[in-house]
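Two complexes are shown next, each including chain A; its partner changes from chain B in the first to chain C in the second.
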Partner chain A sequence: MTTDITKENPEAAAVPPPGAAPAENGPKKVPQGHKRLLTRRDRITLGFMAGVPTILHIALVWVTALASIALAFTTWDGIGFDSIKWVGLQNFKELFTNNPQFWPAVEHNVIWFVVLIVIPTPLGLFLAVQLDKKIRFSRVYQTAFFLPVVLSMAVIGFVWQLIYNPDTGLINSIIGANEPGKYIDWIGDPDLNLWAILVAASWRHTGYMMILYLAGLKGVDPSLREASALDGANEWQTFKNVIFPTLRPTNTVVLVVTIIEALRCFDLVFVFNKGAEGTELLSILVTNNIIGESSRIGYGSAIAVVLLLISLVVIIPYLVATFRKERRA
Partner chain B sequence: MPHLSPSGLSLPSPSRRSLLRGIGGAAVLGAGIPLLSACGGSGSASDPKTVTLGSKASDPVPKKAFADIYAAYKKKTGITVDVNTKDSNTFQEQINSYLQGTPDDVFTWFAGYRMQFFAAKGLATPIDDVWKTIAGNFPEAMQKLAKGEDGKYYFVPLYTYPWAIFYRKSVFKEKGYEVPTKWDDFVALCKQMKKDGLVPIAFGDKDAWPALGTFDQINFRQNGYDFHVELMAGKASWTDAKVRKAFDLWAEILPYHQEGAVGRTWQDAAQTLASKKAGMYLLGTFVAQQFTNKADLDDLDFFAFPEIDPAYGQDTVEAPTDGFMMSKSPKNKAEAVKLLEYLGTPDAEDIYLKSDPSVVHASTKADTSSYTPIQKKAYDMIAGAKSLTQFMDRDSRPDFTSTVMQPALQKFIRDPKGVDSLLSSIERQKKTIFASG
Partner chain C sequence: MSTPTATLGKQRTPVRPGRILLHLFLASMALVWIAPLAWAIYSALRPYSETSEKGYVSWPDTLNFDNFTNAFTQSDMSHYFVNTMIIAVPAVLLTLFLSSMVAFYVSRFDFRVNLALLLVFTAGNLLPQQVIITPLYRLYLLIDLPGITMSGKLYDSALGLVLIHVAFQSGFCAFVLSNYMRSLPHELTEAALVDGASVWRQYWQIVLPLCRPAMAALGTLLSIWIYNDFFWALVLISTGENMPITSALNNLTGAYFTDPNLVAAGALLTAIPTLIVYFVLQRQFVSGLTLGANKG
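And now, the complex of A and B:
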């Protein structure tokens, strides 16, 4: 939950930089006029518009986040508040030393991030550059590449699971690996399944990256291209020395988005194989421990807190950098 | 609400973002209001002619079968059973909060530890008065299953089904196989099948629970019912040599299991039996659901898991049982008791089985004349059992089985050599979970 919401914020905050400067100057002058124009009703309306989201935000984000941090130091089966027992750091000790799934999960989250940065991100950038050239049917290609992003992760997981099914799936049927003795178990084999899922995740992430970069490229001043063309730079030089540096704000967004994707990845894997050996992820461990009949809410919260800490380590430097930039501007 | 957005729009040149935010906020509000109102409004005054019932029977066949029972009950007594059906997985996952909130008077649930857990937490009402009427309908083993740890009754069983090894009669006949009753015969049969180009034992453990069933069978055959129960209750140790022995036996037949099991669903594994590519399959009778062709279904048969230790023979049967419980403070207790008394009769079971023939009566007094041969055999197997188990995830703590045992057994299937470190890891995690009360 928390990761979902933090996901929205940096994006909302991060997207504007390319065109932000003029937009920010505009409203800044207008407000003085505004104040006089605001009637009582407007003020009540505004109060509502600011107040209700604030209350919802505090109740749904802060209170729940703090509560789950507190619960991480307890054991609780979710039945009646009097069964909450304080256990100090025991959940964490148990997690770090005894849980055979925890360290693999951390590792897989990291692999997830690295793969998303190394494969779909450059690929998305490449596609965006090609589509930015005003080729014919550009819209059609854009739609095609962006389609996976529109699909829900659960649907993607389901579709790819059909492709990878060891007995009846597309791949094994084509290469004849669905016979006894020749099995390739894409879903169950811990040496394969993470990579199999990452193909699906990359398939989707490429489209996402493409749209982000395409938006960035549209914001690049055409006169820069002209200038570098006049200076005799070829296409690659123009891209490397002129276009790519101007995409810096987009790169930051891409980085943050990708980190968040890597930390929140859940639905795809859950549909694919429920996080069996080889595909354990922190988010799945949280779910497996908290959801269910006699839930281990304290223990699950401890995993969630670890996830939160990792997110903070990543997000705080980014926020610091953004705020510093804003203050300078 | 309605005046919010217009005034939001009328602000001079709102930036696109603030507008979007406004719309987003409105959407959140719109979504929030029905949620909030849903929290408070449902406590309608109880109608003396209505009993509410929470049901997890969301699949079409069981849903209709249950509905038929309630319709018959209404006809008989004039009491309406107001059914609130939820998706079965959701029902199971939300059972904690459901029972703590404002649950229905009666709800569908499982026998075994999963029932005793909620009984011990005070989330169910003891129904000894119901059992005064219905006790005669059930065999001793069922009565034991219906009791909580405090010795009071909490559960009314409706139907049950056994786990066993399924096979195709035609395949056994054609190849001249004999049904094995001893472990060594079983292993020899597996070898022979492999030689004949069959997959000896179909297996799919993608959902992670089927392997629990294999362990159950080997463990209570090798170590007996009492040890199995102690192990499930967290009392016996997983590092005990007895458990190790069970895993060794499992490792002995593991090479004869279908490859790539962790990536295969039980439905797909059942298809290999249906298409005669596999010789045997250990599962519950619900495997029959995958035999859509009538001729194939008639060809399906099963035998009890072979004897390992002669001291225990084949005396234990794994027979998960489903039925009903009463929530902690039912609004209409008098009628809920009467409903449960009715649900504990062979009549109610007959109505259910008419629509869902993949299970058998929990009662010994029921009419078995319309049974298919498989049902008949299943019924006899359960009736002749000395002890009944429920299934690992019903006999032990669900948090232990789902977060520890399921991944551990998947790991064992893939790498049976690592069993020692696996068992000590299970034991360490078990201690923490069972200590947490």
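And now, the complex of A and C:
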């Protein structure tokens, strides 16, 4: 079958040892066993197998991301390509100095992240540590805490509206604030609504973090725990000095997931109050420039670029660390 | 939390007070966690006339499923469920198919581009959707597909949604599956190569069947994610009729779902499929979420 023989060609598909990433520098890896040779047909097959998904992914995700950057320096009404005009940094200038919603949106995205990382994340870790103790009903508890993660953000938004609605909601009905004059407007009041939504977001995030930490804890070597107990460490000392340091990989994932969630948050707020005053977010501002009353493509793209830059600050170091580790493995 | 003093004695008494405290804590937390959903169910089971008269925090006189049946029939919900199926089923299958091919390529062959390819896919999946939505929306308006989609464009079509779901989610799946495939013993494909099996056969008949657990986990996860998608459909679909159920919900409230009890029933109805999948395939769902995370 093998017709296309390429002996010293580096392109020849050598089957790598498990876990190996391509070694570009350093001592050339000696392929295990004998070098594998592929037929021409195999090469074409492989080309398609990798090519089709890659083209689709790059065209719809990366080309559009780059187009966002390009469009951020233009104005365009979307009608015909002739109307695209280069305006340099005009969009950014206007955004930073002349948009009453921009800085509040940045602030809200930051608050969103800080709240998620300070309240539901440690709570999820705490629940995971408790549920990891081989207690009875562990599954039942897990199911309850994890339930919100399965629901769509839209449904979560509607469910929490039933709690926060000033007229008919659970909270105001209980505390008697559902009569005219005594209203507490959890959804409309700009001083309250972000915090009200963050309660709902935390409700979901806790279960998510719990599951990630539970998986991390399953990977902790039980002998570490025993050794620590033999040394006379109490539960908290064992956790602090032995368990938590070994959870480092999980902590990294948790941090990345939380930052990305904080940048992406959209559905919940949109369903809750459409990003009204007090709950502006970068994602909402971008979307308002598409489906909102004003369709300003260049301007919306400038906001998207800000979002992109913030996310790259997180994504790049994370990927570098992940793939470096993989290469070493 | 069990206090250190409770366990310091080291005598294994049959009933440990720490454990009871822990169970009390966890049980009350679990109740608090279920409370918002329970409240939604309770509201949905009560007729509007009763709650508007007695208030929402009151003992029920009647509990029935009228709100659920009304929400389902008034808004023609089955139509939107069908829309979702038309989008979600092809999207899940295609994502699994394409990402497993990339993963196979990246993990079983030592090509130079592998690392770069995996980086592109993984990074793409981490981008916020709003970064790409403006050009994507324009692109979808530009692409004419007369006769292929109902709208004649990629915009406002199920095909457009399927494509963006596949493109976006394949990043995560390629990453997870390539890690999984790397852990498979290499002797498997080596033996096949010696026997002269083509690359396609190695993929389809040897590697893919071994990836069944990972594929099942990812399939469950993807189904729920795509079913729950709100954003893509909100922006890329203009006709209310064409919306999948999760995004349609937003239009239906107000138009058909007039009172909070009906809204609650409508929202809960859309959650039912995900809840069924979750309860039946909980193990798959959770392992799918943690498959990617563990390796990170």
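In the analysis below, the second predicted complex is superposed on the first by the 269 of 329 C-alpha atoms of A that agree within 3 Å, B and C clash if a C-alpha of one lies under 4 Å from a C-alpha of the other, contacts with A are read in each partner's own complex, and residues count from 1 in each chain.
The working rule: contacts are C-beta pairs under 8 Å (C-beta built on N, C-alpha and C of every residue); 3 or more make two chains touch, one makes a residue touch a chain.
Note that the structure is predicted; figures quoted are calculated from it, not measured.
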Which superposed partner A:168 touches (first chain B, second chain C, both, neither): both
Which of chain B and chain C A:291 touches, first, second, both or neither: both
Which of chain B and chain C A:64 touches, first, second, both or neither: second
Which of chain B and chain C A:41 touches, first, second, both or neither: both
Which of chain B and chain C A:185 touches, first, second, both or neither: first
Partner chain in contact with A:152 - chain B first, chain C second, else both or neither: second
Which of chain B and chain C A:53 touches, first, second, both or neither: both
Chain A residues touched by each partner, larger count belonging to chain B or chain C: C
Set of chain A residues, in rising order, touched by both chain B and chain C: 16, 33, 41-42, 45, 49, 52-53, 56, 78, 165, 168, 289, 291
Interfacial residue positions of chain C with respect to chain A in the complex: 1-2, 4, 7-8, 19, 22-23, 25-27, 29-31, 33-34, 36-37, 39-40, 43, 51, 55-57, 98-99, 101-102, 104-106, 108-112, 114-115, 117-124, 126-139, 141, 163-164, 166-168, 170-171, 174, 182-186, 189-190, 193, 196, 198-200, 203, 224, 227-231, 234-235, 246-247, 249-250, 253, 260, 263-264, 266-268, 270-271, 274-275, 277-279, 282, 285-286, 289-290, 293-296
Chain A residues touching chain C - in the complex, by the definition given at the top: 1-2, 10-11, 13-22, 24, 29, 31-33, 36, 38-39, 41-42, 45-46, 49-50, 52-54, 56-65, 67-68, 71, 78, 126-127, 130-131, 133, 135-137, 140-141, 143-148, 150-155, 158-163, 165, 168-170, 173-174, 178, 200, 203, 206-208, 211-212, 214-216, 219, 234-236, 249-250, 252-253, 256-257, 260, 263-264, 266-267, 270-271, 282-283, 286-287, 289-291, 297, 300-301, 304-305, 307-308, 311, 314-316, 318-319, 322-323, 327
Sites on chain B touched by chain A in the complex: 3-4, 7-8, 11-13, 15, 17, 22, 25, 28-29, 32, 92-93, 95-97, 100, 114, 117, 121, 123, 199, 205-208, 258-264, 268, 271-272, 397-399, 402-403, 407-408, 410-411, 414, 425, 428-429, 432-433, 436-437
Complex interface listing, chain A residues touching chain B: 12, 16, 23, 26-27, 30, 33-34, 37, 41-42, 45, 48-49, 52-53, 56, 75, 77-80, 83, 85, 94, 98-101, 164-168, 180-181, 183-190, 193, 273-274, 276-277, 280, 288-289, 291-296, 298
